[in-house]
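Order as written gives the chain letters A, B, C, D, E, F, G and H; numbering starts at 1 within each chain.
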Amino acid sequence: MQNNEALKALLEDIQSGKVSVDQGVESLRDLPFQDIGHTVIDNHRMLRNGFPEVIYGEGKTKEQLVDIFGYMRERNNVLATRVDAEKAAFVLERFPDAEYNAMGRTLTFLKNEIEFKPGEIGIITAGTSDMDVAEEAKVTCEMLGSHASIISDIGVAGIHRLLGRLDNIRKYTVLIVIAGMEGALSSVVGGLVEQPIIAVPTSVGYGANFSGLSALLGMLTSCASGVTVVNIDNGFGAACAACKINNLVQR
Amino acid sequence: MQNNEALKALLEDIQSGKVSVDQGVESLRDLPFQDIGHTVIDNHRMLRNGFPEVIYGEGKTKEQLVDIFGYMRERNNVLATRVDAEKAAFVLERFPDAEYNAMGRTLTFLKNEIEFKPGEIGIITAGTSDMDVAEEAKVTCEMLGSHASIISDIGVAGIHRLLGRLDNIRKYTVLIVIAGMEGALSSVVGGLVEQPIIAVPTSVGYGANFSGLSALLGMLTSCASGVTVVNIDNGFGAACAACKINNLVQR
Amino acid sequence: MQNNEALKALLEDIQSGKVSVDQGVESLRDLPFQDIGHTVIDNHRMLRNGFPEVIYGEGKTKEQLVDIFGYMRERNNVLATRVDAEKAAFVLERFPDAEYNAMGRTLTFLKNEIEFKPGEIGIITAGTSDMDVAEEAKVTCEMLGSHASIISDIGVAGIHRLLGRLDNIRKYTVLIVIAGMEGALSSVVGGLVEQPIIAVPTSVGYGANFSGLSALLGMLTSCASGVTVVNIDNGFGAACAACKINNLVQR
Amino acid sequence: MQNNEALKALLEDIQSGKVSVDQGVESLRDLPFQDIGHTVIDNHRMLRNGFPEVIYGEGKTKEQLVDIFGYMRERNNVLATRVDAEKAAFVLERFPDAEYNAMGRTLTFLKNEIEFKPGEIGIITAGTSDMDVAEEAKVTCEMLGSHASIISDIGVAGIHRLLGRLDNIRKYTVLIVIAGMEGALSSVVGGLVEQPIIAVPTSVGYGANFSGLSALLGMLTSCASGVTVVNIDNGFGAACAACKINNLVQR
Amino acid sequence: MQNNEALKALLEDIQSGKVSVDQGVESLRDLPFQDIGHTVIDNHRMLRNGFPEVIYGEGKTKEQLVDIFGYMRERNNVLATRVDAEKAAFVLERFPDAEYNAMGRTLTFLKNEIEFKPGEIGIITAGTSDMDVAEEAKVTCEMLGSHASIISDIGVAGIHRLLGRLDNIRKYTVLIVIAGMEGALSSVVGGLVEQPIIAVPTSVGYGANFSGLSALLGMLTSCASGVTVVNIDNGFGAACAACKINNLVQR
Amino acid sequence: MQNNEALKALLEDIQSGKVSVDQGVESLRDLPFQDIGHTVIDNHRMLRNGFPEVIYGEGKTKEQLVDIFGYMRERNNVLATRVDAEKAAFVLERFPDAEYNAMGRTLTFLKNEIEFKPGEIGIITAGTSDMDVAEEAKVTCEMLGSHASIISDIGVAGIHRLLGRLDNIRKYTVLIVIAGMEGALSSVVGGLVEQPIIAVPTSVGYGANFSGLSALLGMLTSCASGVTVVNIDNGFGAACAACKINNLVQR
Amino acid sequence: MQNNEALKALLEDIQSGKVSVDQGVESLRDLPFQDIGHTVIDNHRMLRNGFPEVIYGEGKTKEQLVDIFGYMRERNNVLATRVDAEKAAFVLERFPDAEYNAMGRTLTFLKNEIEFKPGEIGIITAGTSDMDVAEEAKVTCEMLGSHASIISDIGVAGIHRLLGRLDNIRKYTVLIVIAGMEGALSSVVGGLVEQPIIAVPTSVGYGANFSGLSALLGMLTSCASGVTVVNIDNGFGAACAACKINNLVQR
Amino acid sequence: MQNNEALKALLEDIQSGKVSVDQGVESLRDLPFQDIGHTVIDNHRMLRNGFPEVIYGEGKTKEQLVDIFGYMRERNNVLATRVDAEKAAFVLERFPDAEYNAMGRTLTFLKNEIEFKPGEIGIITAGTSDMDVAEEAKVTCEMLGSHASIISDIGVAGIHRLLGRLDNIRKYTVLIVIAGMEGALSSVVGGLVEQPIIAVPTSVGYGANFSGLSALLGMLTSCASGVTVVNIDNGFGAACAACKINNLVQR
């Protein structure tokens, strides 16, 4: 990869004297990792190559959000997740060209146009209560350069709704299946299609749902082989994984 | 009910002097509960009216099983559950007219012919590994006087197998749905039929299944309303509940 | 069933040319499932045949509730569960002919008179704190067409209260037993009566109750065979199951 | 108490010169605690005043048991708990005057006759499977100087069995209530009698019993006030507590 | 007991014609349980014989509290637990002769003077944060007729504080030991004194405390034999148990 | 898709009279699902198109394994997972041309040569104890038509081992990361590479590992976005998912 | 140690008559423990020898805080932890010379200058959200007499950030590693350095993080030997442990 | 540090032409980490500088153990942990100069004499059942170059035993406190001494101990500040941490 190229170039510069040994020591410390990303914004790894910078909004004050958002939008597209309405209003006042998705709680800014990859990611939800997670996933997919569509409210308690849309569902490159309660939707979809499936358990439910535990365990023990799982309510993470997979299509 | 009748009769006997006051005191102590059942064999409530006596075999020695089985078969039909092969062989040596169901681990003896109720109980399993629980349920249903059939291996990972048998499934009065792993089958069936459904989570699975916890939580949080749940692997309990329901049909 | 009848009719129409092949393709997609229900309102399966449509109010805004409620009341009876007082007031302002049950947090509207089935469902609570779950169950039963009565505050710590009402309790077709804390009431009732029993653990309690876990586990491991269990605080689900059972009586 | 007396005497001896300052330092280090107990055998605190020494047999080899048992029997009555049949046989071969209770897994030796306190401890079990815990409790009570009787198999699924024995149950000074599964027996007994009740959850059950967790949580959240709880299967601990209470009677 | 006496008297009245058979049926229904208590106020069993009636305040509205409190104070002493400051103020406005203990969140009314039993209950706390539970326990003890004192803030991290008060601690008939975090205090006290000990785990702590779970498990597995445990934060229950034990002293 | 084509053809045949209405009813029942798969062997969905049939060996007797294996090998390549050494020997005796991977506990038979897809799956393990899961994954990948290599023993406690192989690791299309204990490897790898990563928690560890729970939770909450997770020890499931992703490459 | 010295001195005073026997009894009760601390403020053991007194602010009213803070500042340096902004403002109004660290939620007062030990404690955080715990640790370290620095935001998802600062990290005597989510940072650091490491799991995260459980279990099962762990979010405890270790350096 | 020195030297060699650019690329890949350790044996990081190599015996076959042990003993001192008696016998047969500690399940070989550091580690156990963990810790300490002694059986149920040995306990540089059941010993010791304390919860206990969970949670929530914790039964890890701390003494 280009790492070795860069390393070779640096060493040749040292050999030729263009770069002093002391400068070389300095440069070499970080070089092998330079292409991985140069900074991390609050637990979301910087995503390279035209990808947006990502801000995790939970636990940040609105002032902090304005600072970080303002700094980033100078440099690149920006995606902030888990931004509640009040914080969003505060940021939008300052940066009216940002866009807020109230259901998905995302705040985005486009400095450069997104170059979309071929393929499309299908986002399926069991119920309308899972829509916030679905919207977070959809916005993330698009900011990361993959088209995405939501097919909502086709939970297993009315299996015909799912079956009636199978032809549509089979068109997508990758599927994100979002369900709370018992999370059975990922098993049923997993038995009907051939695509990679990323299951997102949600905290929708009460009692023995234990804040998403029932859906999480259900998806992990799914009888449909080949379903993989992310954290409860983690639409962002599912979208990241789906985009990494969708990126394989065009290579 | 007849309780009050019996009580009235007793009091009239006391009034008329047929029964002394002291005898009356003695009789009255237990009378209000006499019709509830007069003994309990190991946590399984005595089941009245031609129903078999039930022995819970787990944790009993083979000698104890022979004693209890022998005592009971003189009086009534007998059902022993959770009897492993070695214990069963020991009992059968002594009582060759008993019958052992190796998969369901039940040992039964028929003193009187069973008078079957109208209606039939359908027992559905997700996989072949759930068959031991299904057999325990089937034998229990029959000993309690309800016909029962098993429809096996129609888990949700291949939904067509379930859909192809829907007309058959809709014929039963009550359904027992048995599934391990994520237990999604009860949600899907619950969305397709109108009958009462009793879901049995099984300990089939590993890892995040946590000995049946994933199926248990999944069934309790099912998005299909009206599904009720019994303990993990409890085919006996599901059958008891199903028979209580099926008994309503002919009244 | 009538599914096959409808299918046959459609195919005959195609054969005779009344319906074109393309229309046939369209119609056939959903037909096999058409009688199951054509839409789902927020995780509550549509209940057919004069049954009300059901709205799960938790997590919906008051505006959404007004929209859905308004749409549904044009077509059928309506039952909305988990509607808090503030949302209820908002809906009632718009639809003054709806009825709010403050304790059960249900909002109902009757477009057509309910045709009640024979039989009656008995709803038993351990303590007065379980009354909200009991009310949710009672309203649901009635909207689904079964009579229901509540017998409250007869928990096992004063067993005489239960015993004194046994004759009354034995009159019901099905019993819903609601209890928090250790949930022992379902075991005791299960040992005294012959009817099907649906146990509802409630989150009443604190500490080792762990939000209803103690009652849930207690009911699942009940020594009284034939007790089935629904999710914590799920009065609606218990009522759905009880009505499915009660519906068997008149057939 | 005598602690202060002893301390005063020691200080007077130092003042008078009988005891040197250095000796005083040495003596004072441990004096305040000297009367608390002088040794501990394997997590079971030595019980003073004619009480037996107690050995916890689990995790000890049979050779270790022989050593400890042999050492102790020279000095006092001995109680060893959790001794399985094989280890017991090994010890009995060496000390044929010891006594083994196979069900309670206790091994005892009487060097001095037990002086029984007034009062009697009642040990109630829900099912016959709880008998091993009950026997451990009974033997422990007797070795600690309290009479004890077992009333077995009166679980709540057949409440009449319990009610029929209420007059008998009310005779005891303290009650130990032993139950597995949902552990409801302690709530029901707690609502019927005035005595102190110590509840012992047992690991009898399967599935959602989670090795005794359901009974443990059920007993801790009991709606009958004044029930206290010990560890799962801890017949020994319940007996210790019951004896401490029973000892209050004669003071 | 007097049950049989009452029963005998009733039957003699029937025999002599004083009571008709029908009246007899009515009377007999509840008689065997009449002396147990005639009503239950919110999960707290009525405590007889001059004991107060008990109201569990959690989950009740202030209006409900006024109703129940007002009804009860006509008949007997009253103890209401878990009453927060706002509700207490509302009740006190109406019944200025009630007394509120803000730390213990108890509201009491004395209609009759309490006749105290001999003996005294010692209530020991690990930290000042456990004082609310201690106060609840103290007020309950006194309302139930036992003297009680609190010895606070002697947790095991400074063992000398405990040791310095041992002579005092050993004076009490029964000990209630209240501790959060790891709950080690009950083990240490249990190793130092001979009295019955009731341990109360509290929810004081954070993180791995899991709302009191660490203290609860620690107390249940205490290496000091004979310690019994009640629910997390359950000062009321500990006091009930302690009073039942203390009542044995004077018999 | 072809579903609609087939449906159209069938309807045209009905219209033209080639197919009778009754035959049409029969054909239409299953048609929409015919291409999904025609049978399921024990919870492993049949994998179509030259893929092997899969047997889940756990819980099957050796006789059952011989039966199923024998039946399948007539038709296709066969993969059996979770087959212990004793069962494998029994099957191999009968079918000596099968191949047993002792570490991965897989039993395979090749009827047709595997047509490998382009791309290769990298399987990374944290420690040598994770090798059994890695081998199960590798054999599964190959049987499903994807090349796979194992890079073992590069856990995070010696991060240089991982960094030294980064260039190699970056060559694979998809990565399966297998780790027990705290499962940190997936986070570190996830921060260093761009490929899709499927994390497999293993049950390697003890104590607070709780049979794989620590690794499972760690992987689910990974700070490296885009890591997806399968069940504990589920090498088979990870391979299925990886192959579905790898299949996208050549399309 | 000086305990014996003090004891010896007291006894010599008694011998010489300077101290009476009765005074001696009084003094001796507490003396053996006098140097451990003479009072405890809310579960934080008094820290001796110029160390500050520590107040645990959680659960205290602002009035209580003012009282305790005021009392302590007369005698010594003071450290109050877990003080929220509102309470801090209230205390600062009264004692303007106190200092509030808003992020670490600590309130401190310096009566005497801190005498710093040699050595320095390094505090490493995975993300910026862990900064509050880091600040609590830093302030505690300094108040206890050890220098401390924070190196923030070097979580494992961008391993180069950590590697680039290794030389710096290796300079510290002891390391405190603070991380939420999966807590992998302590494993990676533990594999790279030789110093003692104290890991602090934080509650940063959501879903399967279960309020810090994932990080806690991950750190406890770390594959890097020699990492020890404190409670979730317990920056104070980690600092106490680190200072005890750092104190060893200069001895 | 020397890392930079080595790096500088290498770059100077490249500048001078002694090392070619290609060789430089190769050398530079691993150099920054070369001094961290060169291999890892089964999750136990290699411990440098005369420290032994460590083998984790659990899950290894006896043949594997012989291979690894044989390879290592050629190069260095060897420590193998978790080696059961049967495996140990097999290894000893081959390498009779190895030494087996049956209680601690360690197998050691000394190629070079251990150079002991100043200071000594005190290992305290609550009960005799904790001795296996204590022995594992002791052997590990010694192989890592720190003297260590065990003070056993001084659990908190007999606090005087602990207090009587306080002067002895205070002599050690670091303390390892090992306890099962409720794990209270670490809190009590933590309140009495100034040294760093590493607490090891053990799985000794039953029922609510949940395989060591009660001791683990108790130690993590200890009211004695500055106690740090390792995994359940992890004597090896505690010893590694203690040695890292003890190593600070002589620097």
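The rule is simple: contacts are C-beta pairs under 8 Å (C-beta built on N, C-alpha and C of every residue); 3 or more make two chains touch, one makes a residue touch a chain.
Nothing here was measured: the structure is a model prediction, and the numbers come from that model.
Trainee: Looking at chain D with chain G, do both copies bring the same residues to the contact (over half shared) or different ones?
Mentor: same
Trainee: Report the chain whose CA-based centre is farthest from the CA-based centre of chain F.
Mentor: E
Trainee: In angstrom, rounded to a whole number, how far apart do the mean CA points of chain E and chain F lie?
Mentor: Using C-alpha averages as centres, the distance is 59 Å.
Trainee: Centre to centre, by mean C-alpha position, how many angstrom separate chain C and chain E?
Mentor: From the centre of chain C to the centre of chain E is 38 Å.
Trainee: Taking each chain's centre as its mean C-alpha position, how far apart are chain C and chain D in Å?
Mentor: For chain C versus chain D, the centre distance works out to 49 Å.
Trainee: At least two other chains touched by the same residue of chain D: list those residues.
Mentor: 4, 29, 33, 36-37, 43, 45, 126-127, 155, 157-159, 163, 181, 190-192, 207-209, 216, 220-221, 223-225, 231
Trainee: Just spell out which pairs of chains touch, all of them.
Mentor: A-B, A-C, A-F, A-G, A-H, B-C, B-D, B-E, B-F, C-D, C-E, C-F, D-E, D-G, D-H, E-G, E-H, F-G, F-H, G-H
Trainee: List the residues on chain H that touch chain D in their complex, please.
Mentor: Residue positions touching the partner: 126-129, 153, 155, 157-161, 163-164, 167, 181, 204, 206-209.
Trainee: Quick one: which bits of chain E touch chain H in the complex? Just the residue numbers, please.
Mentor: Interface residues on chain E, with respect to chain H: 126-127, 155-159, 163, 181-184, 187-188, 190-192, 205, 207-210, 213-225.
Trainee: Over in the complex, which chain A residues touch chain H? Could you list them?
Mentor: Residues in contact with chain H: 4, 7-8, 11-12, 14-15, 17, 21, 24-25, 28-29, 32.
Trainee: What residues on chain B touch chain D, complex-wise?
Mentor: 29-30, 32-34, 36-37, 39-40, 42-43, 45-46, 58-59, 201, 203, 211-212, 216, 231-234
Trainee: Where on chain A is chain F touching in the complex?
Mentor: Residue list for chain A touching chain F: 1, 3-4, 32-33, 36, 43-45, 54, 163, 166-167, 170, 173, 190-192, 194-198, 216, 220-221, 223-231, 236-238, 240-241, 243-245, 247-249, 251.
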